[in-house]
Structures are given as C-alpha cells and as structure tokens.
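Pasting the structures in now, so scroll down.
Paired with subunit B in one complex and with subunit C in the other, subunit A is shared by the two complexes that follow.
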Partner chain A sequence: MSDLPRAQDLGLIGCHVCRMVCRDIGAPDAACPRCGSPLHKRKSASYTRTWALLIAAFMFYLPANILPIMRTVSLGDVDDNTILSGIIELWVKGSPDLAVIVFTASIVVPMLKFIALGLLLISSQRHSQWAQRQRSKLYRLVEFIGYWSMLDVFVVALLTALVQFGFFSQVAPLPGVVFFGLTVVITMLASMTFDPRLIWDGRDFDD
Partner chain B sequence: MTMPSQGIKPAIAPPTLWICEHCDTVYRRRKLARGEVARCQRCDAILARHHSLTVRGMLALTITAMIAFVQANIWPIVTLGLNGQMISTTLWGCLVMMWREQAQVVAVIAALTLFFFPIIKMGALFWVLAYARNGRRAPGFRWVMVMLYRVGPWTMSEVFVLGALVAIVKAHMYFEVQPNPGIFAYGVLMLIITAFSSIDIRRLWDLTEERMA
Partner chain C sequence: MTDDKKLTEDLPEPVVSKPRINASLVWLVPVIAALVGLSLVIHAWYEAGPTINIGFQSAEGLDPGKTPVKYKSVIIGRVTAVRLSEDRSHVVARVALEKSARGFATADTRFWVVRPRIGLGGVSGIDTLLSGAFIGADVGQSQEPKDDFVGLETPPTVTHGSPGKTFDLHSDDLGSLDIGSPVYYRRIQVGRVSSYHLNKDGKGVTLQIFLDAPNDQFVTTSSRFWNASGIDVSLGADGLKVNTQSLATVLAGGVAFQDPPGPHDATKAQENDAFTLFNDQATAMAPPDGEPRYIRMRFNQPVRGMAVGAPVEFLGVSFGRVVSINLDFDEKSQTFSTLVGAVVYPARLGKANDKLVALAKAQGDDEQMSQMLGKLVDRGLRAQARTGNLLTGQLYIAMDFLPKAPKVEFDGRARPLEIPPAPGDFDKIQEQIADIVAKIQKVPFDQIGNNLNDSLVELHKTLQQVNGSVLPEVKTTLQGAQKTLGNANNTFAPDSQLQQNLGGTLQELQRAARSLRVLTDYLGDHPDALLRGRRADNDKPSQAPPLPPPQDAPSQGSKP
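Take a look at the complex of A and B:
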C-alpha cells in the first residue's frame, strides 16, 4: 500500500472547499487560487483543538445526562425526566422499537463519539499503524452519525409546544436539554477539527 | 500555485487529479461509468461518484425542496387533543415556546439548524444552479460556494422529522394525536435531502466556466 503516492510527498495540497489541486508553496498564508480559501497541508492544530473540544463536550455531557431534560405536569403531579428515564418510559409504555432508536441517538451515538474520537486522537498521536483503514472508516462513521443526536432535543421542543393543556397536562424543558444540545454541537465541531489524514501520517511527518 | 501540468490561469482547467480528502492519496482522474463510485484504495473513502443527475435535475430538486420547506413551515405539524381541547404547532411554535421556557440556547440552535441554514442552503443552491444550467458562474459564485461548504453539515431537517415521529408516539400515550399536512411536507423534504446526500455540489467548480472580465 506504500506505493500509493500522497499529496504531501508530491508537494501538492488539495483544497477542501473546492477540491482544486494546488502546488504547495510552503507559505503559511497560502490561499486556493480558485476559491480563495486558506490552504493547509493539515487542519491547523488539529490535535490540540480536537482534544479541547472533546473535553469541553464531555463536561457538558455529564450534566446533560444527570439533570432532567423535561418536566411533565399532569393534574398537579410533577414528573421530571432524564434522557434515560424518557427512554425507559418509551420502552415500557410506548413502542420499544422507537425506544431503541432514541437510545441509539441519545446514548450510543454520543458515547461512541467520545470513545471513537479519543481513540483516533491517541492512536494518531502515537503514529500507530494499527488498523488504519478501520480507523478511517470509524472517523467517517462518527462524522456521518454525529448530528442525529439532536433527536431528543427536537422531541422536547415539540412536546413543549404541543402539551400545553394548563392544569391537566403541561410539558416544559429543563436545563439538561440545553446541556445536551450544546454537547451535540461541540462534538460535531470536535469531529470537524480532527484531520483524518493524521491517521496515515508516519513519524517522519514534519507538521 | 497552478494546476500541475497546467499553464498560467487557464479559463477552465481540465482537472487531472483527485486527492483523497481522508488520507491525502493522489489519483489520476478518470471517467466513471454509469453508477460507478471511485473509492480510495488506501482508506476506502469515496473519491468521486458518477453523476446521474444533471444540473437541471439538481435545480428541479432544489425547487421541489423549497416548495416542500414552505409547506412544512406554514402548516401545523401535529395536533394534540385532550378533553376536547386541541393544540397544534408549527416549527416556529416550537422555537417560540423553547425561548419562553428558559431554553433560549436550544431555541437558537434549532432556529439555525432547522430554519435559517436550510433556507440559506436552498437559496444558495438555487442561485448557483440557475446559472450553472448554462455553464456559467453566478455572480458571487466563489463566495456562495464557500458558504455552502461551511453551512453544509449544520442543517438538520431530517433529524427533526424523526424527532416529530418520536414526539407523536410519546404524546400518543396520553393524548389524541392527529398528523397535520406539515409532517407530510417534512417527509417529502426528508426524501429530497436523502436524494441530494450523494451529490457533491463541489463539482460545479469543474462544470462552470469562469467569465473573463
């Protein structure tokens, strides 16, 4: 596989915004001649930024799961739901299949993002050659599924707008949902700042 | 900083290389057969797809999406009933409620990802495609294309559709639920988004010609 030439070795840079192939002139402020976007061999400070965003996201993720995301009031009965208790309720009273979807979107996907990005960061920083192809695929999976976690946030928004029957029944959002929404946004930013080309960069890479 | 094997500033440079965005491997471009997908040998990422949809086709899809989006936003999505009292809502109803109920951050995130970014995306697509039909670059093409690339990952209408479905099932445990036209319009929008997901709009850079002023 080492016979496949890489742009870095040929002195080329591919513009991410328009896919133009440009010659690397080595200037730090080089811009793509076609679309004017800055050209970098690799996303700048990818490791530092991704780590920072990932840690920030995790700090929001804890209250997102511990704090309740939604309050249901019916006939004076107050019931606060966390993400997990909402899923359990859906499993028990509603439809188990939908509970699986929500469980995947709200619990599995964020956890997978933390584990996967952490794994990608550590292995790439150690210039590991282990399972590079699979790690590339893992990165693309994280990028693809990332935004589906917003599902629960939209569910709370819809129920809040719909269930407004005064004394009989009422739904209101609680702080957990804000933390959760921010977690999703920050993890999306984290996966965007990670540069998957780092997976393939060996020890001799000079960036 | 010119294309490899190219002279100075060609009006329309025949792009000769692909660089895999996920691992930096360089390939010589080739014509793809119908339905063919070129994949990177090193990391298996998609390099390019055969474009079965023409620029006109994409324009038609964009216009359809715009119509569906307007319908999805003006009609209520669902109606709940309890003791004869009926409540229905639209997307903006949700946003306003979230704002009032101390979840302003969520209201802003949802307004951007479900309303403003989709509108910007569809408007920008319409603009560049309408000109690209004749192989031309729209005024501000460069700027609009860069913006499309940046906004791209931040539209979440399809997630909202699934969210509406979950909300309906949850509400169904306690209330009467009636689907309204909005949810169907959202369904159509979701189909169009799925159809569009395999299209790399960046190919317009190669398909259109820069006008020499």
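Take a look at the complex of A and C:
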C-alpha cells in the first residue's frame, strides 16, 4: 500500500467551484459554506449519468448514420448523402485524403468515444486496477477530442449557408445531421459527467 | 493520524442544503433517444409501400437510390437497386414505392423510363437532360396486385384517365404511321396513334387512335379516316396534284378524318368503334364503294397512255379504276387487240345504281345484271379511251351513250362482262386528219409541177431576149432623154433669156391689167365718156389724182 492517502481517507471534501476544503461530515446534501455549491466526494451518480448519456448518444448515433445528412442539388441533379455514402463518394471521386479525414472525424472518433467511455465505465465499476494511468490518459484524450467531433455538423452548416445558387447548385441539411450533432453533444456530456477519480478508487477493494 | 484529525477539526463544516433532484432522472435522456429512434423506425415502416420489380431493356439512366418514379411529376417511389435478369436479357430495377402509391402495384400499371427523346414528332423529356432520367408511371383501373412489371421502352401516348375516346382503324398496311403519329381534324391535331398491331390473319393492320376530349365528339359513325402521311403527289388524268396535311406529317406521318360531304348519319361514334383507314382523302371521301365488279373492255387500237389506276368514268362520274392492261390476239382476223380490265364500284353511282338494281331484281336479272347491261349496250353504251390530260397524254376510260355507234352483239354470259369499245376522241381526230390527207393526195401535184416548169423555161427565154436586144436601145434612149433634160434645165435657169423676157412680159401685162381696171372704173362712173370723150376733172379730184399718167395710155389705147 504505497499509495498516497486520498482526500476521503483523510475525511476531507473539496468544493468544485471555489476549491475550499471542508470536513467531510458524510451528509448527502452538504454544501460549501463559502460559495454554497453542493459538495460531493465524487461527481454525484457519475456512473448512472454517464451510462445513461452514453446509451442515449449511441441511440442517436444510429439514425445519424442511417439517415442522409446533406442534400446537394447540382444542375437539377439531386443527391442525398449519408455520412458513409459521402465518404465513399469522396474516395471514389479521387479525394482519398478528404475521405480519410471525414471518416476519422465522423466514424472513428465517435466510435472511439463510445468504446473508451464504455471501457472506463466498466473498468471503474469493477474497481479494476489495470492500467490506471493509461485509463486516465484515455479519459483526457476523450475529453480533448470531444470538441473536434462536430466537423460534419460544421461542414454541413457552412455549405448550406454558402452554397445557395438556386438551380445551379444548392446544399440543404437533412435530418441525419441533427442526430449526429445530438450524438456529439451527448457524448461530450457523458465524458463530462464521468469522474476520472473513479479510476483510482479501485484499490479500496484490494485491501 | 492525530495530525490528520487536527487538520480536519480546523476545517469548516459544510452546510446542509435542501435535497437535490434525483439523479436517476438522467435516464430520461436515453428513454427520449429511444423514443425518437423508435418513432423513426415506426415512421419508416409505416411509410414504406410495396416493393416492385420492373424489367427494362437497359439500365441507362437508372441510378440506384436516386432515380425517382414519378406519376404526374409527383415522386411516388425510388429505384433501390438495379440488377441483371437471370438470363442476362434485360435489367430488373427494384423500386420501393411509397405507401401512398400502393395502388400502383396493380396489374395494369405501366412503367417507362423518361429520357430525353428527339423525334420527328417533337422533343420530349428535355428536363431529364440535367436532372437525370426518371421512371414514369401510369396507373390503370385494375385492383389485382402485381409485383413484377415489364417496363415500356417508349412512353405510352395515352395515359389512363385522360378524357377522350379510342377508336380502331383497319388498314392494309401501316404506311409511315407510328405510335404517336398525330390525328388531324380539319388540320388541327386532335389525337394520336396509340398503338398498332398486325391482324391475326396477317392480312392488314389495326391501329388504335386516341382522340382527346372534347374533339372526340367530331367522330361520327360515318366519319372517314385517311392516311395523311407525307406529300401526296399524284400525276393522274386530272393533272398534277400536291396535297399535304402539315409539315410534321410530311416527315412523321399522320391520320386525318372528316365527315363525308352531303347528308350523312351524324350519330356520334362510340368508344372502340372500328373504321377503315383509307390511303388518301379522295378515296376516303368517295361514297361507299360497295361490292367491286370486274369488267373488261377490248380496244382495237393501241391505248398508249393508259395506266393501271386510270379512272373509269360513267357519264363523268368516276366509279372505278383500271387494274390490268394486256394484249390479245384474234386468230380469225389476225389482229391484236388490247384487253383492259377494270374494277368498278357501281355503288358509287348513287341513286342510279340503287334504282337499276331494284329494276334488275324486279325483272329477275342475275347478280351481274347482265341483261340490264345488255339493254344499256343496245342503247349505245360504249367504253372509250379518252385523253384526260393533253399535256401528259394520260388516258382514262369513259363510258358514254353513243346512239350512233354501230350495233354490236353483247354476250351476257361472258365473265367478266365485256363492254364494247368505241373509238376515242383522239382516234376520231386521227381519222379526220387521215381524210384530209387523202384528199390532199388527190391533187395532181406532178402535173402542176411540170406545167409550171415549162412556163418558167419560156419566161427564161423571153428574159434572155430582152437582155440581148431591148436593153441597149433603152440605153441610147435614156441618153437622149438626159440631153433633153439638160437643155430644159438651161432654158429654165434663173439667168436665162427666157426668164428675163418672161419677167418683162409679165410686168407689161400687169400694167395693162391695171390700166384696164382704171378704165373700167372710169367707165362705170362715166358711161357717157364712151360717146362724149373724157371730161375735165372737176367733180372728184380725190378719186383719180394718182391715175392720170397711166390712165391716159390705156384709155387712149382702148379708145381706138
């Protein structure tokens, strides 16, 4: 047991907002005496919330991929594309680099987030002590890339605003992009509700 | 641990606030997500219509997932997949119809690919040049469900439910007509050919035409249809005729119809009534032909200019046409004669025919009316080959009554019936010319010529004499005459003696005349002067003063 003591081992609790440290009196509805924000040792119901949001995000992810996200009208030629068909079209029409970028941003990253968050949740709930440092890094990575997952949504929004040439060329958003946006937002919320300190709580059960 | 305790004791205690919202409410988020997803699934399932397969010759323009199926320009489905048929003879397009288009998966629905088409009749589907092809649909009345369809290669010309009527036209051949060929009524397009097929026995073609409402009402039971395709140029006995319906029909063909002139049955035709499609307007407008009869004529003179198809007229009414011309050889007279066969339609003669038929029946004549015809021949009915057009020399057959024609035997039992011929107009003229030529030939041109020749020889001799003896004398005479004229010329010259004498004489004469006048005046005034002599001038000196000197001379001269 070479680990350093945690705040809860010392009966301490810190405020998340003003960083004031208080005594842990064990009351469930404790609040910070200085700023009045709720005090809790770990983010409250972190597992439940993260799970719920993760599942909801995944549910939205399915229609985001099945439904078309963008309609391009070019000289009367109407073309509806889903994320995957757009990537295939880019690849076939000679822009493999763009296809790789879109594939990474729209397919790999969301899937990675689902897998990573699921892994973190399961391993933490099992109080596993496996690769705790790496799991922490993974969490930071998930938090970081969360900001960059909206690429598709931005592309569609920009094109819709810019490409409005009536009959010659027109771009319109389709329902898929809404679901994709919801997926991204909800996964970000899920990663926010997850408390990374839970990764380190595993040792309680080793004792 | 005491340090720890101390540390803890120094720290402030948290306050207890009011209870917070139950964390498990977060599960509402996935529930909502699930509901949304479920609603999408239900929506898709609910909206999904039947899936059908349509066979086409080629998948040109068909794009899986994109090509729409349209009915009246409304999208009712989309091609989801295109694959080859198992025997690779055609392609099968899988089409997901929308739920609202369930009724299109029935037995008599037709599908076709709308592509840009440029034909003689016009241009269609230009919009698909840019938007890509789509599948057009036309639904029928049937309720019987069906999944597999065979697509049409050309768009149907008539869609179900368009107001109008369909009629059948029977024709010998299709001519230059095609599906979509226009149908004209008074040169206005009122419909089009919707389909055609060979009759089952192979002897003819049946065309279906569709006339749009309200113009379909102009078709009556007695309407005549004819093929108005191309330019109708006919060089016949009537001259050169060019007739065409419209420029489009010249290229693409067409059908025209009209009611026959004169009184006719004007009952409106019913759907699917059958009509005959005539080859041209003239045949169409002719009275109903009735049963054709075959007759024959034997001409003893050549009938150059007679052609198959030449009209046969009876008293100026065209009622048939020549169908054959060939030669016959008569062994007895060792002569050739021309046999002209013709098909005639006695019904075209109208009332005359009706009456004749009734009369023949009453008299117990046979079907060919040979007795009746025999009587007519006795009264002078003859067939003549007449020139219809002097320019082209086309002949036609005219049947006329020629009371002066020599009597001929009429064989009522001969089949076909033979109408005795009469020499035609041209033949008559030829005969007359021959007459004239014969008369001219009687003139003794040889004798006249000889006599004339003799006379000319005599004349020649005389002229020679004249040349030899008379001419020199004439010459000397002329010289003499010339001299005389020269003398005369000298005599009458202005400076000649004669002229001067003449002038003097004339002056003298003038003076004498004046004296005479004075004298007569004086005597008029003084007639007594003749007896008493001249008096002294005392009464009117003004009257005679200028005269004294000349007065004296004549008075003196006249006195003696």
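Note that in this section the second predicted complex is superposed on the first by the 182 of 207 C-alpha atoms of A that agree within 3 Å, B and C clash if a C-alpha of one lies under 4 Å from a C-alpha of the other, contacts with A are read in each partner's own complex, and residues count from 1 in each chain.
Throughout what follows, contacts are C-beta pairs under 8 Å (C-beta built on N, C-alpha and C of every residue); 3 or more make two chains touch, one makes a residue touch a chain.
This structure is a prediction, so every number in the text was calculated from the model and none was measured.
By the touch criterion defined above, A:Leu4 reaches subunit B but does not reach subunit C. Measured by the number of subunit A residues touched, the leading partner among subunit B and subunit C is B. Residue contacts after overlaying the shared chain place A:Phe114 against neither subunit B nor subunit C. After overlaying the two complexes on the shared chain, residue contacts for A:Arg23 are found with subunit B and with subunit C alike. Of the two partner chains placed by superposition, only subunit C is touched by A:Val78; subunit B is not. By the touch criterion defined above, A:Leu62 lies against subunit C but remains apart from subunit B after alignment on the C-alpha atoms of chain A.
When the shared chain is aligned, subunit B comes close enough to touch A:Leu90, but subunit C does not. Of the two partner chains, subunit B is the only one that A:Ser169 touches; subunit C does not reach it. In the overlay built on the shared chain, the residue A:Pro33 is in contact with subunit B and with subunit C. Of the two partner chains, subunit C is the only one touched by A:Ala52; subunit B is not. Within subunit A, the residues touching subunit B in one complex and subunit C in the other are 10, 12-13, 20-23, 25, 30, 33-34, 36, 182. Those residues of subunit A lying in contact with subunit B across their complex are 1, 4-8, 10, 12-14, 16-23, 25, 30, 33-37, 74, 86, 89-90, 93-95, 98, 101-102, 105, 132-133, 136-137, 139-140, 147-148, 150-165, 168-169, 172-173, 177-178, 181-182, 185, 188, 192, 196-197, 199-200.
On the subunit A side of its complex with subunit C, the touching residues are 10-13, 20-23, 25, 27-34, 36, 38-39, 44-45, 48-49, 52-53, 55-57, 59-60, 62-63, 67, 75-80, 182, 186.
By the touch criterion given at the top, residues 4, 7-9, 11-20, 23-24, 26-27, 29-30, 32-34, 36-37, 40, 66, 127, 130-132 of subunit C touch subunit A in their complex.
Across the complex, subunit A is touched by residues 1-4, 9, 15-19, 21-26, 41-45, 77-78, 80, 82-83, 85, 87-89, 93-98, 101-103, 105-107, 109-110, 113-114, 142, 145-146, 149, 153-154, 156, 159-160, 162-167, 169-175, 202, 205 of subunit B.
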